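Dropping the structures in below, format is C-alpha cells.
Two complexes come next, and they have one chain in common, chain A, joined by chain B in the first and chain C in the second.
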Partner chain A sequence: MTESIKDKAFQGAITFILCILGIIALIPLLTVIARSFSSKAAADMNIINLWPVGFTLASWKYILSDPGLWKAFFISLSTTIIGTVLALAVTSLMAYPLSKSNFKLGQILMLYVIMTMIFKAPVVPYFLTVKGMGLFNNPLVLILPHILSAYNLAIMRTFFKQFPAEVEEAAMIDGCGYFQMLYKIVIPSSKAVLTTVGLFYAVTMWNQFQHPIMFIQKTGLFPLQLKIRQLINGGSDFANIAAVANVNYTESTLSAATVVFAIIPIIAIYPWLQKYFAKGAMLGSVKG
Partner chain B sequence: MSKKKTSAAVNMGLPKSKTSLIANIKKFWPYYLMVMPGVLFFLLFKYIPLLGSVIAFQDFSVFKGISDSPWVGLKHFKALISYPDFRRIFANTLILGLCKTVLIFPIPVFLSLMLNEVKNLKLKKTIQTAVYIPYFLSWVIVGGLIFDIFGMGGLFNNIRGFFGLDSILIMQKESWFRPIYVLSSIWKDAGWGTVVYLAAISGIDPALYESAAIDGASRFSRIKYITFPLLIPTILTLFLLSIGSFLELGFEQVFNLLTPMTYSVGDIFDTYVYRVGIQQAQYSFTTAVGLFQSTIGLILVLSFNKLANKFSDDGGLW
Partner chain C sequence: MKRNKTMALVLAGVMAASALAGCGSKGVTAETSKAGTSGKTEESSAAGEKTVDLEVWYTNTGFLEVKKDGPLYNFYKDMFGVGIVSPYVEWNGGTTYQEQLNLKIAAGEAPDMFMPVNGMEADLVKNGALLDLTDLLPEKAPHLWETVPKEVWDVIRSYDPSGQGRIYMIPSVFDYPLMSAIIRQDWLDKLNLSMPETQEDFLNVLRAFKTQDPNGNGLADEIPTGGRQEARWMDYLFAMYGISMWEGFPQWDIYNGELTYSAVTPNMKDALLFIRDLYKEGLIDPETLLNDKAGWEGKINSDKVGIYYHWAQATYEYATSLESATGVRAEWAVMPPISAPGYEGFYTEKKIKGIQWVLKNTDDQEKIDAAMKVLDAYGNKDLWQKFFLGVEGEHSKMVDGKLMKLPEDKKTMENLVLQPGKDISTIDSITQLLESVKTDETAWSIDQSIANVQKMPNYGKLIAGDGMPNSVYEGYADIMNRTLYVEYASKIITGEYPIEKFDEFVQKWNASGGEAVTKAAREWYEKTQK
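For the complex of A and B:
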C-alpha cells in the first residue's frame, strides 16, 4: 500500500494532537505532584506549575507521620482485601448454578437479579434498611453492600457457560460432588475471569465514597477516601496545622501530598488494572 | 418402598411443574445451596429497601416505624410538584443529563477514530496508558485535583496571571459549574470509553481497507466511508443505553465538585436527597423524590433497552 503525502500529513497531525491530549491528561497529576514537593514560600507566591519549586519533603514528612491517615489507609486496604475475597466467593457460588441449564430456578433468578438493575430502590429507604441491620458506624458497611453486583455476576456466568461440559461429566463419573467441582475444577481454570472480576470489585471498594459518607460518622472509622475529603476540604485541619510558624508547608502543599498519597496505590497496580479491565469490558459486552 | 409412596402422593396432590421442581431440588440440591448467599444479598440490599419505599406514602418517623407511622396517601407527591426546590433540582438534573448525552458521549468515538490512525504501536500504547489513568481514580481524588488546578495559585490562575488577568475562583462560580462537570467527566472517563470502540474497529475486515486503498481512497475518506459507518451500530447501542441512564449523573462526581455557592445550578436529585433526606432526616418527602426518579429511570431504561435490542441483536442490557 502506498501512502500519499497527504495521508502521511493527516496521520502525523492526528498523532500530534493525540500526544498533546495525552500530555493534557497527565497535567493535573503533574501539577499536584509538583505542589506536594514544593516549599511554603513557593506555594505562597503562587509560582508552582508543573515542576516543584523550592524542593522539600516537608509536606510528605508531615502527612506520612499522621497516624490518622495511615489508619484510614489500613481500613481501606483491609476492607478491600477481605471484601474482594468474599465477593469472589459469593459471586462464583451464584454464577455457577446460573450457568447450568439443568438448574430449574435459573431463569427466575436471572429475572430476580435484573429487576434490581432496572428499578432502583430510593436512597433513603436503603439508608434506613442498612442502618437497621446495624451497619451504621460499622466497618462491615464498607464490605457487605459490595459483595455482589449484577454486572459481575453476568460476566462470570457467561464465562462459566463456556466451560467444557465433558470435563465436568468425567469428574462426575469419578465421584466428584458439585461443590468440589466448582472449587477444584472450575475455579482453578477460570483465573482470568476471577482476576478481572476481582479487580472490578477491588477498585469499587477502594474508591467507594457514597457508602462511607452515608454510614460512617466516627472519624476513627473513616476509610481513605473519606479521610482525604475531610483533610483537603476548605476550612479543614490543614489550615490550622499550616498556620504555625517555622514550617515549610502550607494547606495547599499538604492537600497535594495527601492526594498523591491516595493515587500511589492505584498507580502501583495500574499495569494489571489496564490489562484486566480491558478484558472485562470485552466480556461485559458478551451476553449469554 | 416408602420413598415411592411419597413421590406418588406428591404426584397426586401437586401440579406437575411443582413436582418437577421438587425432583430438581432433590437431584441438584447443591445448586440451591450455592445461590443462597446471593439470593439473600439481593433480598437484603435491594428488595427490602424497595419495600421500604412505602414510607413515601406516610409521615414516617423512625420512632414509630413503618407499622405505626400515619398514612398520608399522595401528600408528598403533591407537595413535590409544587415545590420550587424540586423544580430546580429536576431542571439541573435534566440539563446535566443533556450535557452528558450531547457533549460527553461523542468524545470517545472521536478519540478512538483518532487513536486508530496512530501507526506507531509503541506511541499508541503510551497515549492509551496516559488517557486511561484518570478512570481508575476516585471522585474524591479527581475533585481534589480539580480544586487544586482551579484554586488560588493553581495552574489555571497562574496562566491567567501570565496574561495579566486577575485570579478567579471558578469552582465557586455558578456559571462555571456545568463546564467543570463536562470537562471533569471527559478527563476521567473519555479515554477509557475508547476501549469498546477500539475493539469494534479491530474487528473490521482489513480487506475493506485494502480495496479502498487500491481505489485511491485517502485515509480520511476511509474513516468517513468505512470505519465510521461500521462503528454506527456500536455507537447507537451505547448511545441508547446512555440515554437509558440519563438521570444517573453520579452522586460522587457532583458531590465532590459542588460548593454551597454552586447549589443553584449543581444540586441534582442525588445530592439533594443526601442532604435533605439523610442529613436533615426528611425521610418521607425525599423517598417520594427518589421514587419519582426511579420511575422515570425505569421508563427510560425499558424503552431505550428495547430500542437498543432492535438495532443490534444483542445490543441491550438483557
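For the complex of A and C:
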C-alpha cells in the first residue's frame, strides 16, 4: 500500500510520542528494580536513580527466603486461577441468555446488573453482609465477590449478540439444545472474548486489595498484595530504639524487591497471552 | 482436541482447589517453633485460674501477629497472668488501621484494648464505647497511676466531653524534651569553632560549614542546614524566636498572656524573615521545601549536612548510617537552643505524646480485672526492661551473660505490643534501653545518643498547649491541617512573597476559622487550669 509523505510523517510523529510516553512509564519501574538490587549505603544516601548502586542480592535473598512470602504467592496464584475459571464459567452462563433478544426477562435482568455497577454499597453494610455469609477469614472471600463483574458481563453479552445467528440456526436444525450450543459451538469460537475477559478477571483477582484488607485477618491467609504491604512501610518518624543490624538491606530496598516480585508474574504472562487475541476468529465459520 | 484442552483446564482447577484446601488447614509454619519459650506454660493455667485473653490492637509495621499460645503470648502470661492476643492489622500510616478498627467497632467486635488514632477516641467516649478508668486505676493499677505525672492525668480529665473529669484514656508520656538541633561536633572541632551561643555565632558557623570544606573532600558540597517539605523538621530555626513547634507543626502556647497559635504571632514574622535570609544566602538547603524524608536523610547520611533537627536519642541511627555509607565516624551533638535578639529560644517540650490505650466498655468483671493487671504491669518500672527485651531467643539474645536486644527482623519477630519503656519514657528508661542495644561495635554512636538525651532536660520548655485535643478544630479541618500556613511560610521563605504578606496571612487565618478555633482552644485551656 502506498503511503504519502504526510501519512508517513504522521505515523512517525505518533510513534515518537508513544515511545516517549513508554519511556516515561518505564522510568519508575526501572528505579524500583534498581533499588531492589542496591546496597544499604546507597539507599541511605538516596543516590539510586536508574541503575543499581552497590549491586547486591541481599534484599532478594532476604525476601525469597521468607516462607510466608511464598505461601502468599501460592494463595494469590491459586485463587486467581480458580477464580478466573469460575468467573468465566459464571459470566458466560449469564451473558449467553441475556444476549438472546427473544428472552424477555433478559431486559430487566440486564437493568439490575447495570444498576449494581452504578450504585455501590457503602462499606459498613457491605462488610456486615459478607461477614454474615461466613466469609470472614475465609480464603473464598478472595474469589466469590469477584466472580461476576457487571462490566465484563456487558462485554461478553455484546460479543455473544454479534455471534452470527446462521451458525446457531444451523446447529438447532441438527437438534442442538441451548446448553450444547453454548458449550460446543459458541465458547470454542469465542476465544478472543474469553481471553480478554479472563485477563480482566485475572488481573483484578491478582491485584485485589480492598477485600483481603477488610475480610482477612489471619496472616497465614494473606494474598501476595497484602504480604507486600506488610513489608512496605513509609518509615515513620518515631525514633525506635532498635539494635543496629549488620545487613546490606533496608526497608526501602526490601520493599522495592517485594514490589518487583509481585509484578514479575503479570509481566511474564501478558506477552504470552497476546497471541490469543486472534482477530477474525469468526471469519470462515459460516459456509455458503 | 478442544475437549482435551478444556478438560485439562478444569482438572488443573480442581488440582489447585484441593491444594488450596490443604494449604488453608496447614496453619502457621516454622515461625512459632523458632523462639525458645520461657519454660513454664501449662503449669500456670493448671493452678486453677483460667487465663483471660485480651485482644489488643497496636501499630504493626510488618511484624508477626501475636497468637494465642505463641511465645510472646506465653511470655506475657508468665509476667502478669493475662493472655495477650494481637492480630496483624495493616497500619498504612494509621488510615487502614483506623478503617479496620471502625469496621470492627461497627460490627460490635471492638478489641478489648486498643490504641486509638486520629482523635477517634473523642467520638468513642461520647458514644459510651470506652471503659471509665477513673476509679479503677488508683485501686487496681497503682503502678501506672503513680508513674504518669499528675499534670498529665489532669489533661486527660479535660478530655471528658461531659465535663465531669472522668478518665477514659491512657496517655503516652515523655518526661523530657524530645527533639533538638543536632550539629556535627567533629566539624566544629575541625574548623576550630565552638558551639554557637548567639545568633551571630550561629551564622558564622553556618558560613564556615559552607565555605571551609569540613567534610574534607575538596568539593564545596556541604549543606550547612535544612529541613523537609512544608517547612518541617527545621523547628529550631523557629525556636530561636520563641515559637513553639512540634515536628514542624506550629503549636499553641502563651503569647502576650493568652493562649495563641504560634504561627500567627509577631514571633513567626521575624522567624520567617530570618529563614528567608538564610535561604537567600544559601545557608539552608535550596531543596528544603522539596525534600521528602528519604531525600533529606539521604543528604545527612552522605556526610553533607552540618545541622539537622530530630530526636536527640536517635543520633546513633544517623551516625551508623553515615558510617556504613561513607566510612566517616560523625560526632552528632545536641546544639543548645539559641535566642534571637529580643526573644527567648527553647526546645518545645510536650509531656503528652498522644493517647496510647483505651479499653472497650464492658461489664465483664473478669475482663476488667485482667485489663487492670495488664495496665499495672505496664506501669511498673521494674518490668520495663523485660518488656523491651521481649522473648529470649526471638527478640533478644544472651551475650556474655547479658541479655541484649536483637536487630529487628520482621520475618521472625512478633509485634511487641506492650512497650512501656518507650511509651512512658523518662531519661533513665531511655538510657537503659540504649544500653541494652549497645554492642562493642556500636558503642561509639550509642554513647553519643546517651550523652545527647541526658542533656535535653536543660533545654526544654513545657508549652501550654500540651495535650490539646483535636476537638478544638472541629469544623475547621483546614486550620488543623495548617494549609494556609504552609503556603505562606513556603512562599515567604523562598522570597516569592514579601514579608508584608504575613499580615495578610494572619487576617485570612483568623477569618477562615482561626478565630473560632482560638476561642475553643482558650476554653479548653481554662478547663485544665482548674
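Everything that follows uses one rule, which is that the second predicted complex is superposed on the first by the 235 of 288 C-alpha atoms of A that agree within 3 Å, B and C clash if a C-alpha of one lies under 4 Å from a C-alpha of the other, contacts with A are read in each partner's own complex, and residues count from 1 in each chain.
What we mean here is this: a residue touches a chain if its C-beta (ideal position, glycine included) is under 8 Å from a C-beta of that chain, and two chains touch if they have at least 3 such contacts.
Note that the structure is predicted; figures quoted are calculated from it, not measured.
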In the superposed arrangement, which partner chain does A:Leu57 touch: chain B (first), chain C (second), both, or neither?
neither
Is it chain B or chain C that touches the larger share of residues in chain A?
B
First, second, both or neither for A:Lys104, with chain B first and chain C second
first
If you stack the two complexes on chain A, which partner ends up touching A:Ile147: first (chain B), second (chain C), both, or neither?
first
Between chain B (first) and chain C (second), which does A:Asn46 come into contact with in this model arrangement: first, second, both, or neither?
both
May I ask you to decide whether A:Ile75 touches chain B, chain C, both, or neither, giving the answer as first, second, both or neither?
second
For A:Met172, using the defined touch cut-off, is the partner it touches chain B, chain C, both, or neither? Pick first, second, both or neither.
neither
Between chain B (first) and chain C (second), which, if any, makes contact with A:Ala192: first, second, both or neither?
neither
Of the two partner chains, chain B (first) and chain C (second), which one does A:Arg229 touch, if any: first, second, both, or neither?
both
Determine, under the contact definition given at the top, whether A:Leu128 touches first (chain B), second (chain C), both, or neither.
both
Check chain A for residues that touch chain B in one structure and chain C in the other, and list them.
44, 46-47, 123-124, 127-128, 213-214, 226, 229, 252
Residue numbers of chain A touching chain C in their complex, please.
40-42, 44-47, 62, 66-68, 71, 74-75, 78-79, 81-82, 85-86, 123-124, 127-128, 131, 139, 188, 213-214, 217-221, 226, 229-231, 233-237, 239-247, 252
Name, in rising order, each residue of chain C that touches chain A in their complex.
2, 9-10, 12-13, 16-17, 19-20, 23-24, 26-31, 61-62, 64-65, 87-93, 96, 99-100, 102-103, 106-107, 247, 293-295, 297-299, 301-302, 310-311, 313-314, 316-317, 320-321, 324-326, 388, 404-411, 422, 430, 433-434, 437, 439, 441-442
Touching chain A in the complex, chain B uses residues 20-21, 24-25, 28, 30-32, 34-35, 37-39, 41-42, 44-53, 55-56, 62, 111, 114-115, 117-120, 123, 126-127, 129-134, 136-141, 143-149, 151-155, 157-158, 161, 187, 191-192, 195-196, 199, 210, 213, 218-220, 251-252, 255-256, 270, 273-274, 277-278, 283, 286-287, 289-291, 293-294, 297-298, 301-302, 314, 317-318
Looking at the complex, which residues from chain A come into contact with chain B?
1, 3-4, 6-7, 10-11, 14-15, 17-19, 21-23, 25-29, 31-32, 35, 43-44, 46-50, 90-91, 93-94, 96-98, 100, 102-105, 109, 112-114, 116-130, 133, 144-145, 147-148, 153, 177-179, 182, 203, 206-210, 213-214, 225-226, 228-229, 232, 252, 255-256, 258-259, 262-263, 266-267, 270, 273-274, 277-278, 281-282, 285, 287
